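Chain nomenclature is as follows: A, B, C and D, assigned in order of appearance, with residue numbering initiated at 1 for each chain independently.
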Amino acid sequence: MAADWIVFWVCAPISIGSAIAMLLQRNAVHAALFLIVNLFTVAVLYLVLGAPFLFAVQIIVYAGAIMVLFLFVIMLLGVDREERLVERLRGQRTAAILLGLGVVGEVVFAIRAGVGFSTRAPAGFGAANGGGNPQALGRLLFRAYFLPFEVTSILLMVAAVAAMVLARRRERPVASAERRAQEPIEPSEPSEPSEPREEEPVG
Amino acid sequence: MDWLDWLLLAARVVVVFFVLLLSVILLVWVERKVVADMQTRKGPMRAGPRGVLVSLADGIKLFFKEGITPALADRPVYLIAPIVSMLPAFLAFAVIPFGTGVTLFGRRVPFQIADLNVGILWVLAMSSMMVYGIVLAGWSSGSNYPLLGSIRSSAQMISYEVGMALALVSVLMYSGHLRMTQIVAAQDRVWNVVPQLPAFVIYLIAGLAETNRPPFDLPEAETELVAGYHTEYSGIKFAMFYLAEYLNTVTVAAIATTLFLGGWRGPHPEHLAWLWPILWFVVKVLAIIYAYIWIRATLPRFRYDRLMAFGWKVLIPFGLVWVLATGAVIVLPDVYGRRPVVIGAAAVLAVVLLLSLLWSALARRRETVEAPS
Amino acid sequence: MLGQFLSHPPVELGPIGPELVLAGAGVLVLLGGALVRRRQPRALLLASLAGLTGAAVVSVSLWRWRGHATVLGGMVQADRFAVVARLILLGVAALALVLGHHYFERLGEERPEFYPLVLFTTLGMTLITAAADLILVFLALEILSLSLYVLTALSRRLAAVEGSMKYFLLGAFSSAFFLYGVAMAYGATGSTHLSTIARSLAGQTGNQALALAAVALLVIGFGFKVAAVPFHMWTPDVYQGAPTAVTAYMSAATKVAAFAAFLRVLMTSFQPLTWDWTPIVWGLAVATMIVGSVLAIAQTDIKRMLAYSSIAHAGFVLVGVSAATQEGIQSALFYLLAYAATILGAFGVVMLASGRGEEHTSLGSYAGLCRRSPLLAGLMSLFLLSMAGIPPTAGFIAKVNVFRAAVDAGHWGVALVGVLASVVAAFFYIRVMVLMYMQEPLEDVEPDPSIVPRLAVAVPALLTLLFGVFPGLVLGLLERASVLRW
Amino acid sequence: MLSEYLPIVVLAALALAFAVASLVVSSLLRPHRPTPAKLAPYECGIEPQRLPKGERFPVKFYVLAMLFIVFDVETIFLFPWAVGFRRLGLFGLVEMVVFIGLVFVAYLYVWREGGLDWNEPVRRSGEREQVGEALRAG
């Protein structure tokens, strides 16, 4: 118990801190590094929760595979120099922070009101996890959840096809301004991608 | 846990750590000697008897060399990259049982740092972490050659990681457990290398590529990339990359020993029962390392496109088919009885071999067709 | 026997028969497109259509399914709701395939991936209508979203890439919300099965506060997919950027699939919380109808206008959902059917009328369309009338049904807002008709003369008229399909 | 549970301490005489830049990383299957054959579309268009 407690209170602040550092970091590669730290600490939290398989998978897939893709893309695009980020909508950042805090508060409230902050494993967890966590996972995944498992393979297939189709594009991107000139200008729409964040829902 | 437990734990970790360091120092010498021998040279002779201290001398020299941080480097990342590349090399070794254990002061001291219940996955996780040292080193150097080298080598490493994982899976199907000690325990009668020879070969090849050893040392292809990802590194930081590379070799060989060659198992007398397993383990690891050195001395470096093609077009499909074939050979007897299954397995095996031959032939032909364009 | 039972759940593949057929067809078409040396888009089209037909036949046979209601480890629901939703989706997919085949052929671009991707999207969509477990809902949602991102970017136009990018970013964002909602639902009730969640909530054993958070997050996730305000931001850009044939497909099919899953999740697992989620849906419906209709007025591009119109339609369907009754489900299904036919046809006409490579999608280029192609102008008018909800079109019956369901459930206000929004919306539909019939052509755009895509557009037109004049043909079926079993 | 990992933490700490200590000690002991030429990146006399501008990496690497994720996830699914598959029996095997088969379809597709080829001369930007045209035609 005590070990759980110590590990949790070491990892949780690091994880949150690295997540915040990632957001504040202007340099894309540094941000990616903070994300890796974050993924790592989350993996350790999985371990604390008694899911060693998930711990390993988190490191292998997220920290190992997906972050390599991130770094590749960062290098590929050469987004190396520190980007000058101009906010088009005033108050967007404040609104985003407020709404984000709102979500956090809501979740904390919902959990607190409902189960309370649990200090022990849920009932039956030990039994379900019996014979080793990977084995238990295998039993569930390949019996009760075999249909989602098979559906995952279709998802993977579509993902592979998607990667190929999107990467095969062989044309030079036209400058955005050029493109805008060709299209009718709409008076009512700012039509910028940054817009939706403002309405980030509280849920 | 009382103070004695802590002490034993600390002692175990410290001993393993320094033995690993020492093994690297020896390994560098062994490699140079063996390669020299194969090329009828003498190799290093000056430092120490028969030059055994040559790598120590190298290390000391690098330690006192001026460390240059290039002007265009990204300083923090440039600094942590060598550490990041070294850590996983040590940590991957942590799950390997290199002996049975010994009883000291009435307490059992296992010859293994940590017997994790996700042992194999830990190895895989650490080997996927090795990419970072290289990627970060290449990027942070602020220079073209390291960047090219690091992108290349990380692409190479992730390509062979899948093949490596597939080899591990087929071992798992025999042991039925991810824990390293139980994988060794499952090999009490037959070493996994016998039923799983193809997986062993896949693992060795993937291991070569993961550790960037010749003939897969593309990241350091000096004729085109100067020295690859560590071109801009010097002094102690360079030494760390060097250390990491050789540590990885040791680790890969140790994993191969544990998974395929029965780990520390071997016939031994009752006398000094704790020592013999360690010796067996060391001998097996050395044998694999010798094979690696031999390969280095024999084969020229791969061309990059062939390297990638080999990983993706041969190793992965072959590994996948092998996993399924292993599954069929183990599961089907339980359902249909042995005899028909043995025949079926032979047929499957034949088909697999045929397919793999076809595959490589196919890949080669496509290459020759497309090369002129 | 016992060991056999323990080793795997009983495998009754019948209820996912349509998905199996689609998966098989998708794999065949994918490999056919890649492996066969001389690519024959026509062969791929025919194979895909055959796959869709097979799936449709299997779906119809499921109407009389006598096995368990929930099969495959509680993952799939075998009810008539799923059958009807699937049939709509398969029909839309078939027509969209024909349109898309023609689109890329005329453009001279070879896109063999179009066919398997449409099949996989349809697979995700049909699966989501039958999914009885939130995990399966999520996976199906991801399959359909991922395929749609690619389909959007299938054209070489830069606008398509931009649209795809926006769709992907916001879609991934919404998936995260959805997944968080699933986690909350699991936290509240200890299960992801829709029926178990419902039982746990009904028996007060579940955690109500967490369940409410789950509902809110799931509504956000679905809200993105059905393009309900305020989660509609991506819609105009994506609909405008995507190749028009793809726009036709996704505007029609995505909404049907997402609403089917939306209905099923809300009406089964969160039925015990109906009083809590109705106001949320209510608010969404009002906002969606008003914003969609009002913003549509200001559009100068026909694709953007139709995109806003589709947003408004999502609001009308939400009116039916907010009723939270069987009548509501039935009316929503009918609305979806009518909407799917209408929007598919409308985008089909846009594809044919806008010239090669979609250079002319501004409203101005629709001036005097009746001179250049009376048939296309006529079809477009029919679809616009249906969208406006003017008899004798299916749109009219659909709107009446939805409003009646809301009124019967006591939601007067929503129905009133809906009627007002319809009046506003009628304005811009009529405006386009005025353009087409009363003005002289400004630009000389040659409409596509091909016959086959015209037929593909004529089919939804016929259906729009048919369901408008004889709604009884399907209403009876829909009523029997609107019982959600759990 | 967690105590299993304690020795690993100790080992990591030791390795980290070793690395940091050698960096620090070495930096104290070694000479430090930088000159602009020493600090310049390794180049053959051309004006060094932080990163090559304009010229970016072939998109191949990105495709490769994507495919790697797909296959990595696939192999991850193999692990719980492999440890339990004696108990899962024939059903488990059939499941996995279907799963691998479907991913294999994607693999074949990617192979045919040239996603696994590296000898395609896409390095120079001018050639890229031509190769694309040739691919689309052939």
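Everything below uses one rule, namely that a contact is a pair of C-beta atoms (placed from the backbone, for glycine too) under 8 Å apart; a residue touches a chain by one contact, two chains touch by 3 or more.
Computed from a predicted structure; not experimentally measured.
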Quiz prompt | Labels of chains that are neighbours to subunit C and to subunit D | solution = A
Exercise. Name the chain whose C-alpha centroid is farthest from the C-alpha centroid of subunit A.
Key: B
Self-check item: Contact pairs, highest-scoring chain pair
Solution: B-D
Exercise. Would you mind checking which chain's mean C-alpha position lies nearest the centre of all protein C-alpha atoms?
Key: A
Quiz item: With chain centres defined as C-alpha means, what is the inter-centre distance between subunit A and subunit B in Å?
Solution: 31
Quiz prompt | Intercentroid distance (Cα basis), subunit C paired with subunit A, Å | solution = 28
Quiz item: Rounded to the nearest whole Å, what is the centre-to-centre distance of subunit B and subunit D, using the mean of the C-alpha atoms as each centre?
Solution: 16
Exercise. Starting from the mean Cα coordinates of subunit B and subunit C, work out the distance between those two points in Å.
Key: 51
Quiz item: Of all residues in subunit B, which are in touch with two or more distinct other chains?
Solution: 116-117, 121, 147, 151, 158, 161, 177-178
Quiz item: For subunit A, which residues are shared contacts with two or more other chains?
Solution: 52-53, 57, 60, 64-65, 68, 72, 75, 132, 134, 142-143, 146, 152, 154, 157, 159, 161, 171
Exercise. Could you tell me which residues belong to subunit C and also touch two or more other chains?
Key: 7-8, 23, 27, 30
Quiz prompt | Which pairs of chains touch, using the document's own definition | solution = A-B, A-C, A-D, B-D, C-D
Quiz item: Given the complex with subunit C, which residues does subunit A contribute to the contact?
Solution: 106-107, 109-111, 113-115, 122, 142-148, 151-152, 154-155, 157-159, 161-162, 165-166, 169, 171, 173-174, 179, 183-184, 186-189, 191, 193, 195-196, 199, 201, 203
Quiz prompt | Complex contact set, residues of subunit D against subunit C | solution = 87-89, 91-92, 102, 105, 108-109, 112-113, 136
Quiz prompt | Sites on subunit C touched by subunit A in the complex | solution = 7-9, 16, 23, 27, 30, 72-76, 113, 116-117, 120, 123, 127, 133, 135-136, 139-140, 142-143, 146-147, 149-150, 153-154, 156, 158-159, 161, 164-166, 169-170, 173, 177, 184, 187-188, 190, 207-210, 212-213, 216-217, 220, 230-231, 233-234, 236-237, 295, 298-301, 304, 362
Self-check item: Residues on subunit B engaged by subunit D in the complex (per definition of touch)
Solution: 1, 9-10, 12-14, 16-17, 63-72, 79, 82-83, 86-87, 90-91, 94, 113-117, 120-121, 141-145, 147, 151, 155, 158-159, 161-162, 165-166, 169-170, 172-173, 176-178, 226, 231-232, 235-237, 240, 304-305, 308-309, 312-313, 316-317, 320, 323-324, 327-328, 330-332, 334-335, 366-367, 370-371, 373
Quiz prompt | Residues of subunit A touching subunit D in the complex | solution = 3-4, 7, 47-48, 50, 52-53, 57, 60-61, 64-66, 68-69, 72-73, 75-78, 80-81, 132, 134-135, 137-139, 141-143, 146, 149-150, 152-154, 156-157, 159-161, 163-164, 167-168, 170-171
